[in-house]
């Protein structure tokens, strides 16, 4: 299982570069190892060109290295905190994707003015607190914000987005769609005020997308 | 014929990714099967990397599966409605391309201030109503809006664009040019007000492009 | 010589797609055949993927087909007019690149606020008149505007840019740098007013770049 | 050592094109040859497609050609001045990346409103003077501005950014992250005013990133 997760998590980093969500080595994806207090995560400061399954790192859910030759991502503590406190989460992604981070810099939630936001995020996309790296502050900010929302994404103030999902692929999907809607709503706001979607329509769209979409 | 349409429709999805009109698995193209009450359409929630001719789905014009191993696009009902009510349409494309969707979010038509808009769209690009997925609402909104316009594109409010054409390639071309002009006019409006093109010039440009351009 | 120009002109179209200056089949490059009243130009409405040397078209300087299997670009008359009236011009390029076209839509020259504009364009980048396709109007608008300027680029109102050069490569270079500076100055104007470069500094930069830069 | 630096510097130019920091042949990277008064730099006006190790040029720290078949970059004097006056610098990069250059055109420092700016730049990213090419003016402007800052990047007014690092890779990394944050802060300012990060938090972030991040 860990070998397979190494392959999957390494491959998912290619979606971050494909969609322009990351520059240089910033941004990372992790997956919980099902049934164990372990996770698979990107190493710190390694080029996306050089990320293969063998360079992925295994840590426990306090971020201590269990397997791997490289130091884990500097955001490992935040990922670990999320897995400890949100048992339904199986994957976490973190980027500084430009439009989502611009909303985060202003500390402004992304309003639910598109059907795609209702589908995937179930309402406005919330803002988390400013938090310094180095202890549990970022992880706590993510968890406290997501607990009050249907959204799998949180915009950490002055920093950038974190997204979660039932597995790493779902977390990366949320990161991709987040940047897409952050950008479109940014464009819409530049030239006017988009109309809101009514709450009962948001509920209808969210329920349908979560249950009917896909194979 | 269906085998050939599977090849063409699958290949046309690559234009959606090439021009950045879609993220993840959102967006879809279909083609009417000439002389039959059938259409070929993308399956729901499948990655663009994995779309080959064999993964395309055949449905009737009420969206019921006729051939294929996968569930059809969640937008199949809208495509089917268009084919039932606009017999001259042979292809439909749907995206959430960012600039066009920003105009849709504000419910604002794209004004005909570029010769390319006159050429391809024959005037302002119209806005369709807000409509929920799940019944004929989206299809009806598309058809009612396009009937009052020369435009092959409609901006569905809070949702995104649908485009039509005599075949699937023409519908995809309209989707590509729509995003191009939505973006340029967005840029123009950010720093001022572009001059309008007079109606008789629009008519001249539209007539020439529809009849003389190409091979 | 014509065989070699077919290769070069076909290859230069790849720079238009590489830099995102064109969508679908819009945009075209031509080269004058030195010492003859002929030019090599792109065919009309052919996909950039399918443009090889053999698909290029040879016309006289009134746009009449001399060699080639395909109909020439619908902008052939404008290219031909430029070659007839500006003997120093050996190449012409036309795009609807988005930022340059946004300035064209507003009918606003791009002010010389960057050293790159002084280097390549020698001052503000001028706006040409609104002109309909189908006769010499576009060509005349280009020539009359460029005659009053050091700029190799003109922003044709509500339409898009045309650029010229001593050969086709220089015209394409001007098209690429035009979009680059159109974009940067657009960004600068969105959040304030960039400082002007003084006229004698522009002269210094232009003279140096035209004479010292390159191999 | 020079042979290895030719390989490295040539390869680093691919990062400039990958991240869209340069158009045509504008932009250049150099590396100091450790222990010698020499540097390796890009030739002038050569296409990025044609840059291999053998096309790199070796000059002394006054920009005089020492080895290579091509004329050195027209920005060689500025690179050389930096190496003469900042002995800790081992690499220099110069681009006209669009968002950073827009800040430079307005002569406006990029405020430290993102954790990524605190991490990599240690505070606001400063503006350097307007300077003409052709003597030591640009180099002097870079050095005087960087001496008063922790930032490895300076926005040269009406021109574009220069970045430095302990080696060429670090200088290119700074150029990439500079454009990333220039863009995100541009977006943030378009729709409001981002909150500042307090000075002691900036110090904390900068110290941690410089000492803990990476392998």
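Going in written order, the chains are labelled A, B, C and D, and every chain counts its residues from 1.
Following the convention adopted for this analysis, a residue touches a chain if its C-beta (ideal position, glycine included) is under 8 Å from a C-beta of that chain, and two chains touch if they have at least 3 such contacts.
Because the structure is predicted, anything quoted here is derived from the model rather than measured.
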Same or different: do the copies chain A and chain B touch each other through matching residue numbers, with over half of them shared?
different
Taking CA centroids for every chain, report which one is farthest away from chain D.
B
If you average the CA atoms of chain A and of chain C, how far apart do the two points sit, in angstrom?
43
Distance from the CA centroid of chain B to that of chain C, rounded to the nearest Å?
31
Residues of chain C that contact two or more other chains, please.
190
Touching chain combinations (by label order)
A-B, A-D, B-C, C-D
Chain C-facing residues of chain D, complex:
23-26, 43-46, 70-71, 74, 96, 98-99, 101-103, 105-108, 130, 132-134, 157-160, 186, 189-190
Within their complex, chain D touches chain A through residues 19, 113-116, 173, 176-177, 179-180, 183-185, 187-188, 190-195, 197, 201, 204-205, 208, 212-215
